[in-house]
Structures are given as structure tokens and as C-alpha cells.
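Each of the two complexes below includes subunit A, the first together with subunit B, the second together with subunit C.
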Partner chain A sequence: MKAEKLNLKLLFIKGSRVVVLLVLFIVFSVFTENFFRFDNWSNIGNILLQEAPFYMMLALAMVIPMIVGGLDLSVGSNISLSSFVCAMVIRETENPLLAIIAGLMVGCLIGTLNGYMIAKIGVPPFVATYSMDWIAKGAVLVISKGGQITGFNSFRAIFNSWRGTYLLISLVFMVLAWILYTKTVFGKRTYCVGCNAEAARISGMKSAQIRILAYLASGFVAAMTGMMYISKLGAAEPTLGGAFTMEAIAAALIGGASFVGAKSKISNALVGGLIIVVLNNGLIHIGVPGVWQDCAQGVIIIAAILLERLLEKMQTERS
Partner chain B sequence: MKKKLLGVLLTAVVTTSLLAGCGSSEEPAAPAAQEEPENVEEAEEETEAAGEVAEPEEATEEAATSEGIDTSENYLEGKKIVVLLKSYTHMFWVEAANEAEMLADQYGCEVEILAPTVANSNEEQIELLENSLVSPPDLYIIVPADSQGIAPAIAEINNEGIPIVNVNTQITDESVSYDSYVSANQYDLGYTTVSTAIEKLGEEGKAIVIFGKPGAQTYMERDEGASAAFAEHAGWEVLDNQVANGDRNEAMTVMQTLMTKYSDIDLVYAEDGEMALGAAEAIKAAGKEGEIKVVGDNSSVEICDAIKSGALYMVYDDAAWSQMETGFKVANLVLGGQSVEDTYYSPIYLVDSDNVEEYSKRYDE
Partner chain C sequence: MNKVKNFLKGISGSSWAGIALIIFFAVAIDNYLGSRNLMNILRSTSALVVVSVGMTMAILLGEIDMSVGGVITISATLAGMYMQAAGTVTVGTVVIAVIICCLVGLAFGLFNGFMIGIKKFNFWLVTFGSMSISFGLAKGVTNGGVISGFDKKFQWISTGRVLGISTCIIWAVIICIISVLILYKTRFGLHIYAIGDSEVCAANSGINVRKTRFWVYALSGLTAGLAAVLLLARTNSAGATIGEGYEFSAIAAVVIGGTAMEGGKGGFKGTIFGAIFISAMKNGLQLIGLSNYWQQVLLGVVIIAIILYDVINARVRFKKSLRRVYSEG
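And then the complex of A and B:
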């Protein structure tokens, strides 16, 4: 009986971010007319199908390098460059599949270079990915000449023919990442490297290779996110992605991820992405004036984190 | 416990600052407070006329406009002009750069175009201007990213005695000087766009305003103009005014949410073209194209295409090319030693289904 109680408490502590998400959901549902009604699911559909998938993917691209004790400041520019390359290939070849492959390759290349600089040369993750951010930003500026690419309807049809495609893609990525990093030997090794890369190397693990693969995975997710974005917007532009890196970090942290290696989980990306989206959406529904929203977001996030820590403390003291 | 609390607070602060920093805009921004339109009725009449003809016509006029500038003499020939822009990544500034090069050919002068690699970077703009003083030009045309922050570089140019024509965003630091200021009247732009839309749609309706970026003077003036226009029509209710930071993606997300909040929307006024396109895309995705009219400010190839397809109802263009053209005319006067006004307002142009074919031809050139 006592063991069961402890397990419940542990579950409660572990799921405290979900509690925050639920509290936000309930507050917005109670105090607004159309955020959620049993007879009107349009806003929930909007959140789940049109908004959350993007934030979940952004957070995922950030959480994976955080597992190995790093971060990726080039997520936004990776999205910008890979999506623009994808759009260019569509414009030139009208072959959506080729375009997707090209875009994903660009994303993987950026991720691999990040990983190589960090794991093999020893450049700190902040410096390596910040430099890569500049390189990718510059590259997209050069190839775009400041212009946009629009149209590509055949490409958009792949993503937009069914309303749930974005959610499906993001969930598939989440599940695959979760399996990879929690259910496989590779995943366990990745956490070992995140915990102590040197100790992992001495115990025979290919520490550098594992870190490179983490950044490669991040680049891959970022590129996919970029393709989802240009499909949603109907335009590839060099300005896309300007704020995404910060949004990705914010979503990951709010979801419970940590810059300390091996402390982050894939589920942090899922919950963090959802919290950000519910917050953005709910503030509009509750009628917070546009100019006050940044401020309101900040206050709510601080309150949410404090509430969560308070719950944790209460549970720990009782146990 | 203290360490833990500190950790919590640090995480919260970092997260908050990250979110506060989210969103960016490369929209032309920040002319300081301008005069309100002197004759609104006249402006509206001209607006209406502009919609009826194929040739783009000016919608509004101010006391000092580009039309009144004497261009009979060319004082720019053989001179060197440095044009400083806010970025190379926004179509508005790409268009301005192209126009400057074309005008340089026309006037027979040499033009050097500078722009920061990071859009709207004040520090980089200062650096670019300081470097340009190594081989000083005869005149500067300057679009500052920051009305006040650019002052150190302007002071250096003032010390060298090189004339400056300030375009688009006004330099507001009083410790430095420039010869003349050229821009579209942003208040008038917001006012005219909304007034024209209401004239076309009737005296009753429900509207959404998508605001550009809090703190950016351009958007604030457009917003004031739009609010004044809505206030003049009691039958129109502004349901909501939400921020999208001049970003197409944010505007799309905001519009998606607003459509779930309000079931009955007639008009969306987006304070720039990028946001108008984002809102239009959200409406299209919701299958409400044509039902909700989207109007905005600025024009581009894509905006013209959207008007042709019916995704956008109409826009008013504060025309980068027009501002640059007026800037060169004023520069010509300055280098010719002629007297110049403190402020010149460049024209704004209505683009709608009636004249979009004609208007979009300029992008083919």
C-alpha cells in the first residue's frame, strides 16, 4: 500500500509539467467562451493540428542535443536554409520527393558539422552552433538574394491534403525519438555520454560518434520542421526561422529539459511544445491585449514553474 | 533550498527573456510622429479614384510632396552617394536597393548600397557608416534601423560636413542633424487603407486588426490611423487587435486562433503585407476565402499575385521605390545648394483587383 502511494507521488512529481499543462487548459476553458467547449472542438483541433506540431518539433530539435549536454543555436537558421533549398529544388525540378531529400540532407549536413566541431575538435556547443547559425543565415541570404519562393502546390499537397498530417509527422518523430533514446542500447549510451562523455569514452563507448549523431538528429528534425513550415505558409523566405531557436529553447525548458547532460527527456519536448501553444492560444482567447501578451506569458511561465516546484517540494517532504 | 530556489528563478528568468525575445520584424519601421492628414475627404476622393483607373495614382498628398520638387537640373551627375538600408533580407529593402541602382543610372551618379547582414542591426549600421567615411561620398541617404541609436555615426558624418537625406525611419536624436526627411505618412497609410476598405464593404461589419510590432513607430502610427478610421464608422466593431510582429507565420497562427474565437469576421486589417499574406493563408486553410476580406499595407510580387487570386482584397503600398525616388530628388536639391523642406511625404498607392495587373508590371521590369 505504502509502495503504491510512493509510486503515485513519484508519478505526480514526474508528471508535474503535465499538471501545469492541465491547469492552464482548465483555466482557459473555464474563463473563455471558445477555448474549449464540449460542443465545439474547433479550437482544440486548431491547437493540435495546426499549432502544436510545429512547437513540438522545434522543442525536439533542441532537446536531443541537450541530452548530450549541449544545445543547438542553429536550429532557426537550419530551418531557414534547408526549407529554402527544398523550395529551390521544387522550383527547378518540380519533384517534391527530390526536394524533401535535398532539404533533409542540408539539415543533416548542418547537424553533422555542428557535431563534428563539438565532439572532434572540441569547440564548445554554444560557439560551434552559434557560428553555424551565422553561416546558415548567410548562406540562405546569398542563395535567396533576399527574395521568396512561393507556389510549389504539388509539394504543399503532400502535407495539406489531410488536416492531421502535421500532427502525425510530429508524433511519428516523437515516438521514434522516444524509442531510440529510451528503448535501445544506443539511447542508453547517449545518456551515458550526456552524463559524462569522458567516462563513457573510457568505458569503450564511441563518445564522439554518439554526440555527432545527436546533432545530426537535431539537424534532421529541424529540416523536417522547415519543410512543414513552408508547406503551411506557402512560401519559403530567408526571414523564416528568425525566432525559432529561442522558441525551441523556451519550449524545451518549459517542458522540463535541462542544459545539464542526461537530464532531458523526449517527453519534455512534447509537453513543452503543448504548454507554449496552449499559453499563446489561451491568452488570445482570454482577451489579453496583444501588446501585453509577452508580459503575461512571462508571468504565467514563472508562476507555472514555481507552482511545479512547490508541488515537488510538498511531495518530497511528505515522502 | 536556496540553491534550488535560485535555480527555479534562473530558469524562469531565462525562459521569460527567451519568450520576450521571440519574434522579429524587418518591416520598415519607426518614423517619428508625423502630422495627421490635413484633408481626409480629399484623400478619400483620391483613393476612390485610384481604385478606378489602371494606372497607379497617388492616394494622398501633403504640403511637401515629391511632385513639388524641381528636377529640371541634375546636380547628382558624377557624384558619389552612399545609401544605407536596414537589411537585404526583406523584399521592401531589396526593392529599395534596386530602385537606388536604377536611379543612379538615370542621374549618372555612383551609388554604394550598404546594409547590415543581421537585419535591423544598429551596431552594424554604425560600423558600415564609419567604414564608408574612409572614402567619403558626396551625400548619404540613410535609413536607420534605430532612430536614436544611429546618432554616433550621424555625428561623425556631421563632423565631416557631408549632407544627409534621411529616408523612411526618422533620426530623432536632437544632438545630430540631417538635411531633410523623406517617408510615406504612416498614419495616413493606416487610415486610408481602413477607410477605403470600409467604403468598399459598407457601413457595418466586424474587424480584426493584426498589429505589427509593439514599440515600432511605423506600426504604431498605422495602428493609430486605422483606429481613427474605424472610430469614424459606428457600424464597425473592432473585435480584436493582436500582435504578429510583422511575421507571416505568427500572423497565420494568430488568425487561426482568432477564427476559433470569433465566428463572424468581415475584415482583417494587417499592418503590413507579410502579415496580410499570413492571415490570408489561415483564412484559406479554414475554407473562408472570400468570406473574410484581408487588407494590408505594402506591396510585392506575391501580394499582387494574392490580390489577383482573391486571397487579398486590397493593399496600400507605401512603396520603397517611391520613397527612394523622392530621396534622390531631395538629394539632387541638396547637392545643388537649393533650399529643402524639413519633411517630404512620398505618395502611397492603392492596389486592388481593378489595377493590380497594371501595378504588378513594375515588378517585371
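And then the complex of A and C:
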């Protein structure tokens, strides 16, 4: 009898984020008219197909560097820059495939530069990526001259041919990342590097290379997110990704990822992205005006770290 | 003479490149070093150097206060809203507006200090959270709009002149002197260096690490509030973006000034140089005719270059010292 109780508690601690997600979902369904009804799936369908994929991808782009004990503050401007380059290529060549490749290359380039500065030269991650954020933010303003690009229907057709494309792509990314980081030797090595980069290096792993690859993956995912986003929006703007860095961090943290290396999981990104989406949408339905959403994001970050501390305490008390 | 030498030593080697840049501007632009333009540069430095006081202390601890930009925004916004609500502006209203700025800044500082210093949360998360809260609050209370047009009495704080010198420069100098005294002449300042060097050593030698850290963040919030006063009076408008980028500029000023990101090394004198350098560079780029966008890119590139130079330099020195140890051993 006693053992069963303990197990329940452990299950609660482990799955706390899922519990948070369910509680939020139920609260919003009960207290608002249009959030969710069994006879009205349109809002939930919208969230799942149109919003959740982006937040999940954003959180993924943040969680991967967090596994190696860093973070990526350039996600937002990476999204702006890569999506704008993609839009420019479409405008010039009308070739969507080439555009996607160009966009992804920009994202990978930014990611690699971040990783190189951090792993090879030894700049602290947040200094390196924050400076990169400013450079990319400025670069996209320079190449766009402050204007926006609209149109590119051939490109949008790829993503908008079916409603579920965004969700499908993000889930594919999630599953691939999950397989890569939990089921392969490379993934195990990445977690080792996140735990202790120096120890990993001494035991023969290419520590610097693995860290660079983590930032590269983050840049890749961010670029993909950016291109999905402009295809949803129908316009590429230089200030597109402004708030995304903050949202990515909020999503990753609320999903249970941690800045301490090797403690984050890919599943954190999935749950975190969903929680943020439900919260954002639910707050609107409850009647919180849009201008207060930014503030809510900050409160969420603080609440997430308080929750983290609480769970830690519960865990130590148990042991 | 000795003091001059020490001052020059406080500036990181890479900043000499910055001096070269200023010489370049001086050659390329007429009247760049004229008294009027120099005054302009100093005026635009005033708010930045005041924010950098708190940032220097945080970085000396080996940490960063990301929230300063947001704290500036929310304090300036609330003070501006108060003045608009008050209608007729008397000296009393101005004083209350200044006090509002300071109190709002201090409140955020105390929150950061409590969470980081006393409760030992990760500094990064807490200050990032309060950055997003403060920007969000400012956006919420202004409904995304801009407040502008304050009374001359309030504007005097930054735009007035005493003995031919702009008042904002005078305030900045006063605050700089106070913070230099705090950092170099008090026990509190010494404790900051000790903790930045090694927290464990500091704690073992009886320094109250929690209390020191708490007050560093509190002071950082307060200086952000003071900077908000200067900025609000100078720009004569407040909105959700007034303080945007100030955390980046402040970090840059501190790092250019030769303070090491890992803490314990550097000081406030270098930061003053760094802040002036950034303003001078922005001013020069503006006068040359580069757009805001290019300024942003170039600033980012220069800051990265300087940080890279310093990091690589430190590593080369470390390797050299290792070689010496091995060859002697």
C-alpha cells in the first residue's frame, strides 16, 4: 500500500508538466465559453494546427543547446534573417526548393558561428549568442532596408496544401531529435558533454565538435521555424522574430528544461510548447488583452523556476 | 603620473583599437572633436554610464543583470504617466517623479536580489524573467503607445545648464564618483571582488555572500531607475521601447572596459571609458551617415571582436604561464 503511494508521488513529480498542461486545459475549458467544448473543436484544432507547431519548434531550438549546458539567444533574429533570405531567394528565382535550402543554410551558418565561438574559443554562451542576436537583427534590417516581402504563393503552396502540414513537420522534427538525442551513441555523447565537457573530452569524445553540432541543430530548427512562419503569415518582415527568443526560453523552461547541462529532454520542448500555446490562447479567451501577454510571459518564466525549485525539494525529501 | 598609468592599465588592450577608431572619426569628420560634438557624446553617454554602474558590479560578481533595459522602461513609463496624470507640474511633482523612478527600479532590484542572492536561483533566469515582466508591464500600462511632452521643469534635469555644462553630465559624474567610492573604498566593494574571484573562498573567510549579492542587484535596479530619470528628461518621451538594448550596451561598456565576464577582475573606471567609447562610436557612425541598422550590426561585430580578443588573449597568457611552470619544474 505504502509503496504504491510513493510511486504515485514519483509519477507526479516526473509528469508534473503534463499535469500542469491538463490542469490549464481543464480550467480554461470550464471557465471560458469558446476555448474547448466537446461539440466545438474549432479552437483547439486551430491551436494544434496553427500555433502549437511553432512553439514546439521554438522550444526545441532552445532545448538542444540547453542539453550541452548552453543556450541560444539568437533564435529570434535567426528566424528573421533566415526567413527573409528565403523570401528574397523566392522573389529573385521563383524556386521554392532553392529558397528553403538558402534559408536553412543561413540558419546553420549562424548556429555554427555560435557553436564555434562557444566551444572552440570559449566565449560564454549567452554573450556569444546575444551578440549574434544583435548582428543578425541588424543584418536583416540592412538587407531588407526595413521593408517587407509579400506574395511567394508557390512557396506557400508547399506548406498550405494541407492543414496539418505544420503539425506534421514539427512532429517529425520532434521525433527525429528524440531519436537522435536518446537512442543513438551521438545522443549519449551529447549528454556526457553536457554533464561535463572536460571529462567527456578526456575520455575521448570530440567535445567541441558535439557542442558545435548542438548549436548548429538549434540554428537549423530555428531557420525551419522561420520559413514555416512566413509561409503561414504570407509576408517576410525584418522584425518577425523579435519576441521569439523570449517565447522559446519561456516554453523550454515551463516544459521542464534546465540550464544545468544534460538535465533537459526533448520531450520538455513538446510539453512546454503546448503549455505556452494553451496559456496564451486561454488568457485571450478569459479576457486578458494582448498587450499584457508579454508580461504574462515573464510571470510564466518566474513561475517555472519556482515550480522547479518546489519539485526539487519534493524529490530530495523523498530520498 | 602614476595614477594616469594605472588608469591606462585598467583599460583592456583591445580598447586601444577603439581609440584608433576614434582617431579615424576625428580625421574623417569635421568638428568630430569640437566641443559641441564632444558635449553631445557625453550627453548621450550619461544614461548609459549610470546603468553600467550596476552592471559593472553584477559582472564583477561573475553574473549579469539582464533586466536593466526593462527596468529603465517601466520606471520611465510610470514616472511619465504620473506626470501626465498630475497635470500642472511643480517642483514637488518633479521630485515625486524622480522618486517614482528610483522606487520602481529599486523594487525590481530588490526582487532580483531576493531571488538570486537570498533564494539562490540562477541569476540568468531571474533577471531574464524580470526583464520580460518589466517590458511587458510597460507595454501593458501604456497600451503599446508613447507618452511624451513633459514640463520644462522636469526636462531641466537633463537639458539644463549649470556653468555651461549640461545637467545630465553633472548628474552622471556625481553618480560615477559615488559608485567609484563605493566600489573602491568600502568593504562592500571589496566583498564584491572577493566573491567574484572565488565564492567559496569569500564565504570561508566570513563574507556574507548572500547579503552582498542581494545588495548588488538592489543597487543595479536603483541605478537603472536613475538612468531612467536622465533618459526620460533627455528624450522627453517614454514608451515600451525606451530602454530597449540598454542591457546590451551596458554589458558592452563593461566588457570593453576590461572587466572579465568570469568576475573578480576589472573595475568601474574601465566601464566609464567603455560607455564613452560606445557613444562616440554611435555618434561617429551617425555623422558618417550610416543608417541605424548598420550601426547595430557594427556595434555587435565590434563587441564580439573585443570579447574574442580578450578571451584569446587570456588563453595565450594562461598557456604561457603554464609553459613557464613546466619548464621551471
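Criterion: the second predicted complex is superposed on the first by the 278 of 319 C-alpha atoms of A that agree within 3 Å, B and C clash if a C-alpha of one lies under 4 Å from a C-alpha of the other, contacts with A are read in each partner's own complex, and residues count from 1 in each chain.
The definition used in the following text is that a residue touches a chain if its C-beta (ideal position, glycine included) is under 8 Å from a C-beta of that chain, and two chains touch if they have at least 3 such contacts.
The structure displayed is predicted, hence computed values, not measured ones.
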{"item": "First, second, both or neither for A:C195, with subunit B first and subunit C second", "value": "neither"}
{"item": "Contacts of A:G298 with subunit B and subunit C, given as first, second, both or neither", "value": "both"}
{"item": "Subunit B versus subunit C as contact partner of A:L253, first or second or both or neither", "value": "both"}
{"item": "Winner by number of subunit A residues touched, once subunit B and subunit C are compared", "value": "B"}
{"item": "Partner chain in contact with A:L307 - subunit B first, subunit C second, else both or neither", "value": "neither"}
{"item": "First (subunit B), second (subunit C), both or neither touched by A:N43", "value": "first"}
{"item": "First (subunit B), second (subunit C), both or neither touched by A:I284", "value": "first"}
{"item": "Touching partner for A:V123 - first (subunit B), second (subunit C), both, neither", "value": "second"}
{"item": "Subunit B versus subunit C as contact partner of A:I135, first or second or both or neither", "value": "second"}
{"item": "Partner chain(s) touched by A:L171 [first = subunit B, second = subunit C, both, neither]", "value": "neither"}
{"item": "On subunit A, the residue positions that both subunit B and subunit C contact, one per complex", "value": "137-138, 141, 145-146, 246, 249-250, 253, 289, 291, 293-294, 297-298, 301-302, 305, 309"}
{"item": "Of subunit C, residues touching subunit A in the complex", "value": "64, 115, 119, 121-122, 124-126, 128-137, 139-140, 143-144, 245, 248, 251, 255, 261-262, 291-301, 303-304, 307-308, 311-312, 315"}
{"item": "Subunit B residues touching subunit A - in the complex, by the definition given at the top", "value": "4, 8, 11-16, 18-24, 26, 87-91, 93-94, 117-119, 211, 214, 240-243, 245, 247-249, 252-254, 256-261, 277-278, 281, 285, 302, 305"}
{"item": "Residues of subunit A that touch subunit B when the two form their complex", "value": "32-34, 42-43, 46, 50-51, 137-138, 141, 144-148, 150, 160, 229, 232-235, 237-240, 242-243, 246-247, 249-250, 253-254, 280-281, 284-285, 287, 289-291, 293-294, 297-298, 301-302, 305-306, 309"}
{"item": "Touching residues (chain side subunit A, partner subunit C) in the complex", "value": "117, 121-124, 126-128, 130-132, 134-135, 137-139, 141-142, 145-146, 246, 249-250, 253, 259, 289, 291-299, 301-302, 305, 309"}
